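Input: structures, listed below.
Here subunit A shows up in two complexes: once beside subunit B, once beside subunit C.
Here is the complex of A and B:
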């Protein structure tokens, strides 16, 4: 069953130099209990997509299209109705746990806040539930008393608190925006394990935003690759990796030092993608990647290429996609 | 300068940071950031220092550049003990070792033009450089990192993150150092741009024979740029060796835990028990 369906989502930001298109025609589906990875580099629109789903876009932003969640179009809901969903059915884990937490409130009170607000629990009951939630995310008493403050915890422990807050009201969708980017590699592994565990346990859907291809490979069933505000490739995670069809996907893959299983021979270099992401005010009329693309041809320039299906559940928005397998 | 000495020798470095006083009359507690750390770096060699936050890797970088003073141990750069030198001698030595920082947004003065930023170490460390030569050095250095001479008249905000890191590298190169200490120099960059900057590091090394002390938490990056790797934990060296050897057959359990935690494409996730 489709839990979240995003259709033709476009977001435009008013700037002093005119309207800047941040997202253009973004669409994807996420099934209940499913997992979807959103990859791309900074400025490609990953976080804006998450904020649009959460109804947290900046005020200067105008969103069009549809974001249907549990049968209701979130873009058409009034703020009051959104407030009832946010933190209740829709939850989010941010990149920086220190800024996501209130430094002057105890972790117990912060986990209990959603329970009291959304579920109307009394103080005692909410706090008892908060203790259980903290225990669930690996912060058991007495070492991690609910009376601790965020500054008394490490980065990974803080991110656990944020996850406990997100899980508090038993949401159907958890959006994790670069949840481990600020963490050490061992904490990252532990947090990803925890997210996978709680998602499976509670049957919640996970929208995982990351710039790290390996994290997507290991943690999601389907994925979309975004570039300059557009979806350029989508499909089952393993299918997409087997045939990185869009030159941008393949470029990202080739540039990741982690994709290599050995050291480059002397004199060889990593495959960098030349140039930069075009800024939203000056995007080309045609394919947004054409300026950096080794396969670009004259037909890429007049219009944005439509998405075409390569295989069941694998589509690419490119006129000259790679049809051969990704080199090992 | 002693030309047969190794580029850098670090011997039994121990450094304590003083923590806030707990009681008025008791001595303040200390945190041992570096505990008996030794290393040798030959000219043109690249050594990576890896570890998690709090392992002491940045403290080691700062101490090597004499920005911190250790309680015990020596740092010998090009045959000279940096903590035994008088201040003016130390300043002369500094032009041989330069640093590139993590954040290309925070490390460049937004109100200065790129030419000024790049030439600052030259102005500070080499007296009596004539203005024609100064200009030539700025141009030469900007070109060596793939920027144009005209970029000297622009401000940092006109550049993207990857280009700013090139500016930061140019600034480190202008005194023609033998050692570059790069502290998480590509961590803040996107993958495609990170590859551009890593390639630049490799090019410069081949062209100029630079030695690198490469501080990083990213093991995949380390594998591509370093000859040897040293793993730090709680200020102590737990393992050191050739990069390929350490990656293929890590000896210390902590190194194994670190490597096992790195997510890899094509390798299903294994549940790991994280180091506490």
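Here is the complex of A and C:
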């Protein structure tokens, strides 16, 4: 069953120099209990997509299209109805655990807040649940008393508190926006394992936003690759990794260090994609990646290529995709 | 259960630490001592003063300090110490209510401006600028001149010029907090602007407001004395430090102690409150608190 369905989502930001398109015709489906990786480089619109789903776009942003969640179009809902969904059915984990917690409130109180507000629990019951949640995310008493303040915890521990807050009201969808980017490598692995574990356990859908292909590989069943506000490739994670079709996906893959070393030959040099992401104010008429693409040809320039299906559940928006398997 | 720590229990060490750190700062100790003394004297005067405050005793007028009258007597033979003690109640009451008005209206206005932005913020802040454009005491004089002299009107006047101080402070501090991730996290958790203001913004600026209240309290005492000195504040025969200074003025050469003691009381109180405010600012600074 489809839990979240994003259709033709376009977001335009009003700037002093004119309207800047941030997202263009983004669409994807996420099944209940499913997992989707959203990957791309900085500024490609990943976080904007997450904020659009949460209904927290900046005030200067105009969104068109549809974001259907549990049968309701979130873009058409009034703020009051959105407030009731946020934290209750929709939850989010942020990139920066160091600043995502209120410095003057105890972690127990911050976890309990959502329970009291959304579920109407009494103080005692909410605090008892908060203690259980903290224990669930790996912060057991008495070492991690609910009376601790955020500054008494490390980054990884704070991210666990943020996850506990997100899980508190048993949401249907968890959006994790670069949840491990600000953490050291060992905490990264632990936090990702925890996210996957609690998502599976609670049967909640995970929308995992990252620039790290290894994170997508390990944690999601399907993925989309975004570039300059557009979806350039989509499919099952295994299918996409096996036959990366878009030149940008391949470039991203060749530029990935770290955890992918296991599947790469030793001594491989990381490749960089030449050039820069086009400025949203001056995007080319044709393929947005053409300016940096090694396979670009004359027919890439007049119009944005439409998505074409390569295999069941694998599509690419490219006129000259790689059709051979991804080189190891 | 041994080793069982409930929520909130970690608070205790924080207060103990404030106390330990506070004790090592001379400013806080002196400020706290002076303020406590002032409040204690005011409270005592409600039930007991050495002599009756308003009863004249012409035969003993204009006496120098002695064993019977520790701080001497005024031109009507009233005991200066008794009047100073009763004047402290007046100063505290006027300042407390005035700062209460200033913070009670200024803080919500500033918080509203920061939460809503746009046209509401413009209106609130331009109104603030308008009030700020007049020197505080001058506008207080103007207000009491319009409303008529008296303690209540001086409270209103001092309260009004305290509003923009708190509105500005609250807005400025709130604006930067609204940009922080934990506020976005609170919005993600489904909280509206009012709830976020109450639960996340105000607790984070509480220490700032406490410090500002201490300093405004000192300024309000000074303003009340100023208004009473000009005859616009507390009306005779009710005792007031400013009024006592005013009455002492013509007798400066005959009985300088009449001007010196109220002057010292005002100066000591303002100095003590300022020291306390400065000390609290250091003590409550979250950057220092983080070092724990």
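Note that in this section the second predicted complex is superposed on the first by the 315 of 328 C-alpha atoms of A that agree within 3 Å, B and C clash if a C-alpha of one lies under 4 Å from a C-alpha of the other, contacts with A are read in each partner's own complex, and residues count from 1 in each chain.
Just so it is clear, contacts are C-beta pairs under 8 Å (C-beta built on N, C-alpha and C of every residue); 3 or more make two chains touch, one makes a residue touch a chain.
The structure presented is a predicted model; accordingly, all values stated were derived computationally and were not measured.
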First, second, both or neither for A:165, with subunit B first and subunit C second: second
Touching partner for A:271 - first (subunit B), second (subunit C), both, neither: first
Partner chain(s) touched by A:84 [first = subunit B, second = subunit C, both, neither]: second
Touched partner set for A:186, first subunit B, second subunit C, both or neither: first
Subunit B versus subunit C as contact partner of A:114, first or second or both or neither: second
Touching partner for A:41 - first (subunit B), second (subunit C), both, neither: first
Which of subunit B and subunit C A:219 touches, first, second, both or neither: first
Residue ranges of subunit A in contact with subunit B within the complex: 41-42, 155-156, 184-190, 192-193, 196, 211-215, 217-219, 241, 251-253, 255-260, 262-264, 267, 269-274, 276
Of all residues in subunit C, those that touch subunit A in their complex: 3-11, 180-182, 184-192, 195, 199-200, 203-204, 206, 286, 290, 292
Subunit A-touching residues of subunit B, taken from the complex the two chains share: 52-53, 160-162, 190-196, 198-199, 202-203, 206, 217-221, 223-224, 243-244, 257-258, 260-269, 271-272, 274-275
Residues of subunit A defined as touching subunit C within the complex: 54, 56, 79-80, 82-88, 90-92, 94, 96, 99-106, 108-109, 112-114, 117-118, 127, 130, 141-142, 145-149, 151-152, 162, 165
